[in-house]
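Note that chain A is present in both complexes that follow, paired respectively with chain B and with chain C.
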Partner chain A sequence: MFDLPILSLLIWLPILGGLGVILFGRHLDSRLFALGITIISFFISLILLVQFNSASAEMQFQEKLTWVSSFNINYHLGVDGFSVPLIVLNSLITILVVIAAWEVIHYRITQYLAAFLVMEGIVNGVFMALDAVLFYILFEAMLIPLFLIIGIWGGKRRVYATLKFFLYTFFGSVFLLISLIYLYQVGGSFSITDMQKLPLAILPQTLIFLSFLLAFGVKIPMWPVHTWLPDAHVEAPTGGSVILAAITLKVGAYALIRLALPIVPDAAANLSSLVIFLSLTAVVYIGFVALVQQDMKKLIAYSSIAHMGFVTLGFFIIYQLNKDTSTAILAIQGGMVQMVSHGFISAALFLCIGILYDRMHTRDINAYGGVANKMPQFSAFFVLFAMANTGLPGTSGFVGEFFVILASFKANVWLAFLAATTLIIGAAYTLWLVKRVIFGEIKNAEVAQLTDISQREFGLLTILAAAVLFFGLWPEPVTDLMGASIEHLLTQALQTKCGGKMLGDCL
Partner chain B sequence: MNIAIALPEIFLTIAICLSLLIEPFLPTDKRRLISYLLIQTCLIITTLLVINTFPADKAWGLNNLYVRDDLGSLLKISILLVTMLAFVYARQYLQEKGLWKNEFFILILFSVLGMLVIASANHLLLIYLGLELLALALYALVAFSRDDSRATEAAMKYFVLGAIASGMLLYGISILYGITRGQLELSAIASYLSTQEVLNNIPLLFALVFIVGGIAFKFGTVPFHMWAPDVYQGAPTAVTLFLASVPKLAAFAMLMRVLGESLGAAQSGWSQLLLVMGLLSVTVGNLLAIAQFNLKRMFAYSTIAHMGFVLLAAMTGTLEGYSAGLFYTIIYALTSVGSFAILILLSHQGLDAETLNDLKGLNERHPWYAFLMLLLLFSMAGIPPMVGFYAKFSVIQAMLNTGYLWPAVFVVLMSVVGEFYYLRAIKMMYFDQPEKHPPQITYPMDFQIALTANGLLVLFLGLLPTGLIELCTQALVASLP
Partner chain C sequence: MELIYLCIPLAPLLGAIAAGLFGKQLGRTNSHRITILGVSIALILSILVAFDTIGEGHTYNGAVYTWAVIKDFRFEIGFLIDNLSAMMMLVVSFVSLMVHIYTIGYLHDDSGYQRFFSYISLFTFSMLMLVMSNNFMQLFFGWEAVGLVSYLLIGFWFKKETAIFANMKAFIVNRIGDFGFLLGIGGILAFCGSLDYAEVFAKINELTGQTISILPGISWQASSFIALLLFIGAMGKSAQIPLHVWLPDSMEGPTPISALIHAATMVTAGIFMVARMSPIFELSDTALNFIMVIGATTAFLMGLLGIVQNDIKRVVAYSTLSQLGYMTAALGASAYSASVFHLMTHAFFKALLFLAAGSVIIAMHHEQDIRKMGGLKKYLPITYWACLVGSLALIGFPGFAGFFSKDLIIEAIQQSQLGAARYAYPLVLLGVFVTAFYSFRMFFLVFHGKERFIASSDKHGGQHTLPHESPWTITLPLILLVIPSIFAGYLLDPMVVGDFFHEAIYVNDAAHSFDPNLNSSLSQHLAVQTISEEFHGAFNFILHGISQWPFILAMMGLSLAAYIYLYNDSLAKWGYKKLHWLYNLLDHKYYADDFNQTVFAKGSIYLGKGLSVFGERILIDGFMVNGTAKAVAWSASVMRHLQTGYLYDYAFVMFGGLVLALSWFLFF
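Presenting the complex of A and B:
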């Protein structure tokens, strides 16, 4: 079954589809065409999911071609348990974005759809790349479509937001390039799996780790380099926000797992308290910041940062566990489940806000009130997603946070205590949002004229609601998928590479 | 004597003279068009003559004044091809501006001839000769729009500063002539230097400073960059298009011939000069480009920054570094000629498109051209998957391989700064609406095809850069002693 280059298909089908939309957009319905492409790629990603052997930690479906021989760069793709769920998530969310644009985007719809298709292909590539330069190229190339999406179809301050977004993330990643070239000089290979085996002294490890942290921390985003995210979210069109929250934030966290933890474990262990501190700041402080937002999108943007704090907390708490491997597995699982779950929940919330915005043309919380009276179906969905956002048991939001809190409890009670405050703060800002927007008396004449969601919108939200409930009640499919990969990761991440007696203990 | 190794240059010289003679006898109404086509044909034949002996073994001739090697041939091919592109882009602009004269092409051909001579010179005097032929033709070209006071001013500045720079180069050469006891042949200087202790030889270092200064002027790197913004802005866009792209290839040829080949043993002496100039250029170029509202000036400063990268690549003194520099220069020429073509495209009825505002709403008016410009600008900014990324990548890798870690970090930081003004130009094209109602752009088919090919090539080479990189490396392997 390995004769079809399934991974290349997942990259190039959407990208070529995107070009096709631009070229033939005049002659046929570009929306149908784009939808077709995204559905086909989603099915391919499902084939990948089914054929993937979750019992093995090996890179599967590998494709390797010499690409730039003079620099020893290969076109090397492969997937493991971390990549597959994210690829499926990405393919699914892109379908939703295309549907969400259906009657809403009128300005240059072919370019809009093409940008999202190209984006899908590039992000799939990021999740598959096993060559460091290929990874870097795709990681950077991702900026171009998103830059255009926010800049062309965004709100009033879109230029400021999109420039800030681009420069911030580009600034973060240039150091990544230097680190990767350095690793190449030491090890003589750009292959990520080779880099993971490379022994390194502690000083280079520390510098490389810091450059990784900067590059991926901006993308995740971690406090204090998060400030581009609220701006980008507020100005982005609905589809842009959905992709930004559901997909691109995951790229940063995924890169931590793929590059930072295995390549520089000693530095990661030494600096884990720093990352944990940053993550907890994101969880607690950013939670409070979310509480005072007047703009719905901004509120959800800050809540995204807080939730991504859980992901990084889960990834780095493993260094505080005294080699308690079973708990470490739990922590990584928690982080990964949180990523997938946040992909669904944030996508759903941004879609909901988009639905309201399309009708009212404002995102100011004060302009709403009593929406439930006019949009009962919508309100039911919104409340469900809000509950998931607060981490209600039975929704996918609960599983990840619970796992991470459990793991932190084993490390330090106070860490767990701080992490658990999110259950209160998160509930506070989300439920208060629901109270002000959904419930109460009908606030004004505009709200009184609202119409409930169309079938298209209903379908969109149903898919996401089903996913949220499914993974909330039965998260095993995700955790099973990555079980072997997590164990493999932990052997790499908890093993010293600098020749000391134990992890992080180098001269 | 082995005259055959200079066949392309000899052919081009004869062709220039003949086309001057033939032109008056052509029918008046079609005179310009026919001579334009003739000149393009000449360039094609010259290119074919060069390609005919590429790749080939290194050969010397004309009393060892002249050398034919793969490095020279590759640079010549690039020079000729980019010049042809420049002619295609310039045609309609010249017609609308009333500059559609045979002299424009003749002058450019003379400067191309000068560049070909530089690329093949095996003797410092020959390099100087080629340089002067190139420079004199360019001075006249900058002032080509005679009644435009800005063009005259620019030409004056260019001429005065250029004359000083040639003087410096000549002074450096004369000192070298003295300390080598009368040697000007590149290989003879190289064999003399191999017996010297470079860093203790003060007269040699003295000569190096002047020679490097002369070369840096051609590149337009800090502190010899002052002429670039004024000349770029003052010259007619069709001239800037040529001036900004092709002579940089010749400057690289000069750098390789003089510093790489003959003064290679003195690398410890000139590498520090190039390091400082390179870092300063990247800094000054990128920072000042942000402050420019005039697109031509912005590109001038961006050129300064790009040439800083080339110097940093050459500074390493390794094969890898030279190859990176060669690759960077070729890519730069290709990208630069394309971006100026977009400026030509936006100019209409004799009015130059110059400011950022002229880019406004290009996506609204001409999505395809906007897309091509997007590719070109992202390539200049070094964003993958455009080829500009590989250009920067190879330079940074060469620097890291020779242990210049912190300069490399500094350079990538500066390229983040540089990002801003490219993004601002893209913002004008894509996010803003056109200000007034600019006229519809109608350009002939050859222009459209050339521009499309140029823009897509930037993307294509970015996806598959191996061929060109290998070509650069192999040319250098075959040519360097």
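Presenting the complex of A and C:
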């Protein structure tokens, strides 16, 4: 058991499973097969979770094989406290996506499931890669299944959406590649851990940081490179939206933690004000934009952008804290917990919208009203997830925002002030949505014919509801998991690399 | 003992879960049985705890479990049991039990019966977590959780458009308060490094002298800033001007929850919080002055609105707002014990008044307009007497509960040394007259005079069935609430005079008294101190009260109401004609709702639309994204001209490139 290459398994089992679904899909029930693969993967991720030593900040379960020896490129995997929760989240959400497709997707179901399985493997790989080239390849490869999912199973304007998505991400990726090659040229190694130790002058640091910010900011997405997300969500099938919101957005933020903060800390410190400004813009500006959306998916997509603003705010507020390490840890914890929590909540909300869409074939808020009359169980879930989305204490949505706001107050009252406006704006757009969709008299004949959720849908939402409540009432398991890694990160992220007297002071 | 503490909130929670998740399987009767059992357990254990804490003097402060540990910061869930929390636990579980029993009768035919019981038990759990908390985070949890249940209950009849508008409004307005509250908690953590009450209060004096820079060059006292932020939270929850707008609308919910949540318990959470945080508030005269001004303004202005209301529940709602203003003003005067004492008496008599109003509403077949009632005394004798006791207690009639607590507040404000007291004192005094007037206007219109309802009930059902007294499930809680509405006031002796809260509440006497040499270790406000010294039993207190302004003003208000609504209403008509502008102002609730709706609600939507058109569509998508795409397309179309397809063109270009490359290598 201990000798199994557990990380490789988590990458290749889903990918091979995905190919297997395509190959043997005709001969057996592809849904059951895919479900089996995802469940096995999830169990493996749980084994990883149990065996992971959270007291250590070391990269664990490392696997290293030479890949291209002439360029010193390796198939190098390893996990720390940042990777493990995201891997488990990814493995869990993929199960839900497979179940969500069960009676809904009829068109090319085998390919559909295969795309998600391959996606799971690739994303797990992104969270494990310790070699920059491997990371880059997986980071880009992740887009392929996502394009297919939106492009084949998407809505009417899917071509526009995929094209926009592709151009956006490709634009950022070019700079990422150049930066990684530059780092290789300077340091002679594609190993991410080597890059983290590489001393760099401030000019290359700044350029590298900006290209990282562009590449990862598009994925998160940060304001103002976010407009692909609402379009992609609107066109994506339910499963695609779930993966997009719950998993893909996390990859960008994870990359900031893995690459940007440790490799170019001085530039990150110098430009932290810029990132904080962009994050708070996401919270406030996007909140108001979310308020006036007529399309449910767009509304939740904008809400996702606003919530991801807390992640980047938490990561970069550490540079405004005068080396107050405790508060800096609180801030990063806040950002990380927000990622995990948003994974559950956004997945749940997109599933809920999918459930409504399957019945009514519209996402227009005006077409709904009084759903609670016909779908009481569904409404109970929807209100719970809506409340979690507004950051109600006792749900996981509270924890991250709470930590980040507390940490921001220490940095500057006004930052906390702007961040905390989410309490009001978030409540406004979420509850207004609830009021218009869930409550009220039955609005029209279509709503009158709605049927409440099936057992399958009930099960899906129950799993997510349990997760949302569990981590709201007791976030310690997650925060413990990450504690040591965050302390280790801070020793890198708050340490100058340009030879100056202090962080960011390189002249 | 720890186990008992734990069982107190958990028993109602289990009831709520059972009735909420398995309501269909349990059925109606079992659902109310199981939730009532849960709340009864909470009440009985609260009584045990009260004996142990108040009687034996045992206090407790400990953690239940660790929520999260982030380096130096510990976040825990835990309980602090002292006299203040023990008293709150008693009030909450007692009123909650009364409301549970009452609901059996009140919602007898409602299809959401189980759901309602689940909600009110969940509320009881949340409120108990709030008052029993030993740290700011759990306080905030309870704070928002009661807000959630309030949201669910205001919108209980979710088909009613007004109800679902009111519950959204309530939640968002409360969130504005919570916004300030959360920032205040951020300030506490930033300056004290902990969220545990005991640790924070131990370090609180380090706050003096610390400043927070608000703008470059402008900094505020950290203590004032944090105290004001925390108080914004209290303004939301306890519905103080200008965050009061949600409470009148919350009357869209069923009457039992108006009694439990929007009168007796949840809305007093703000008062409780400030009393609990007294060590922080005592550091800042700025904050205390602000609190007193807000409280007194709310007490007077909201009382005035009570005069023009015709909906029986709204009259009581505005009276709640006004009474909350009294409690807040008392907090500002550092008379925390007086404020908390009024909180307790008010919880009993206001719950009584609401439940009595509910009994009237049922008898009138859900007619709530008091102009369409009258002469109900002979049909509803129990309700009549219950409502009379509640009204007398509310106006502070000597001997009834409200008399003791309200007198204490007014005297405390009179003796306060803060500048705001000179503004607050006349307002709270006039408020007494207003309170008596609107309370008995309602009382006389409902129970005395001509029977104006027969015509109106004709219109609805066509039946001539006369109103009759409610079933025992409704009248029993009324009777049980009558008792404390009369006698709770006599607890003045142990609770206020006896320095009851002396460990829970801290008053900085040196800063607020006439005589700085006075003993400053007491947790007593100077006025309370004076009263304590001059206190010679409740009877003398009553005798003393009869010769004072508050009593005289109350009697004037009562008499005026009696004259107008029992004998001759020409005075009201004259006033209506002559003071039409005032009536309009009051009828429009000072235009606060219109202002909020126009400026904030519409403003936000316009802002959102503006941002999505100009920011999203034109600037980012139009200019940046499609602009880039167009630039690429344009350069591609230029490049396309280069692809002529003729070999010699390509050859020429290749040759040129070769020359360039060669010269590069040769010369550099």
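In this text, the second predicted complex is superposed on the first by the 505 of 507 C-alpha atoms of A that agree within 3 Å, B and C clash if a C-alpha of one lies under 4 Å from a C-alpha of the other, contacts with A are read in each partner's own complex, and residues count from 1 in each chain.
Convention: a contact is a pair of C-beta atoms (placed from the backbone, for glycine too) under 8 Å apart; a residue touches a chain by one contact, two chains touch by 3 or more.
Bear in mind that the values here come from a model prediction, so they are computed numbers and not experimental data.
Novice: Under the stated touch criterion, which partner chain does A:Gln111 make contact with: chain B (first), chain C (second), both, or neither?
Specialist: first
Novice: Return first, second, both or neither, reflecting whether A:Tyr182 touches chain B, chain C, both chains, or no partner chain.
Specialist: first
Novice: Looking at A:Gly394 after the superposition, I want to know if it touches chain B, chain C, both of them or none. Which is it: first, second, both, neither?
Specialist: second
Novice: Have a look at where A:Glu140 lands relative to chain B and chain C in the superposition and call it first, second, both or neither.
Specialist: first
Novice: Report for A:Ser70: first if it touches chain B alone, second if chain C alone, otherwise both or neither.
Specialist: The first partner, chain B, only.
Novice: See if chain A has more residues touched by chain B or by chain C, and give me that chain.
Specialist: Looking at chain B versus chain C, the one contacting more residues of chain A is C.
Novice: Could you look at A:Leu167 and tell me whether it touches chain B, chain C, both or neither (first, second, both, neither)?
Specialist: both
Novice: After lining up the shared chain so the two structures overlap, which partner does A:Gln333 touch, if you call chain B first and chain C second: first, second, both or neither?
Specialist: Once the two structures are laid over each other on A, A:Gln333 reaches chain C alone.
Novice: Please identify the positions on chain A that touch both chain B and chain C, taking each partner from its own complex.
Specialist: Residues 167, 171, which sit in both footprints.
Novice: Using the touch definition from the top, list the residues of chain C that touch chain A in their complex.
Specialist: 65-73, 137, 140-141, 144-145, 148, 151-152, 155, 158-159, 161, 164-165, 168, 171-172, 175-176, 178-179, 182-183, 185-187, 189-190, 212-214, 225, 604-605, 607-609, 611-612, 615-616, 619-621, 624-625, 628-629
Novice: What residues on chain B touch chain A, complex-wise?
Specialist: 363, 367, 378, 383-385, 389-390, 393-394, 396-397, 400-401, 405, 408-409, 412-413, 415-416, 419-420, 423-424, 426-427, 430-431, 465-466, 469-470, 473
Novice: Considering only the defined contacts, which chain A positions touch chain B in the complex?
Specialist: Listed in rising order, the residues are 67-71, 108, 111, 133, 136-138, 140-141, 143-144, 147-148, 151-152, 158-159, 162-163, 166-167, 170-171, 174-175, 177-178, 181-182, 184-185.
Novice: Which of the residues in chain A come into contact with chain C in the complex?
Specialist: These residues of chain A touch chain C: 164, 167-168, 171, 224, 226-227, 285, 288-293, 325-327, 329-330, 333, 370, 372-373, 383, 387, 390, 392-394, 399, 402-403, 405-406, 408-410, 413, 416-417, 420-421, 423-425, 427-428, 431-432, 434-435, 438-441, 473-476, 479-480, 483, 487.
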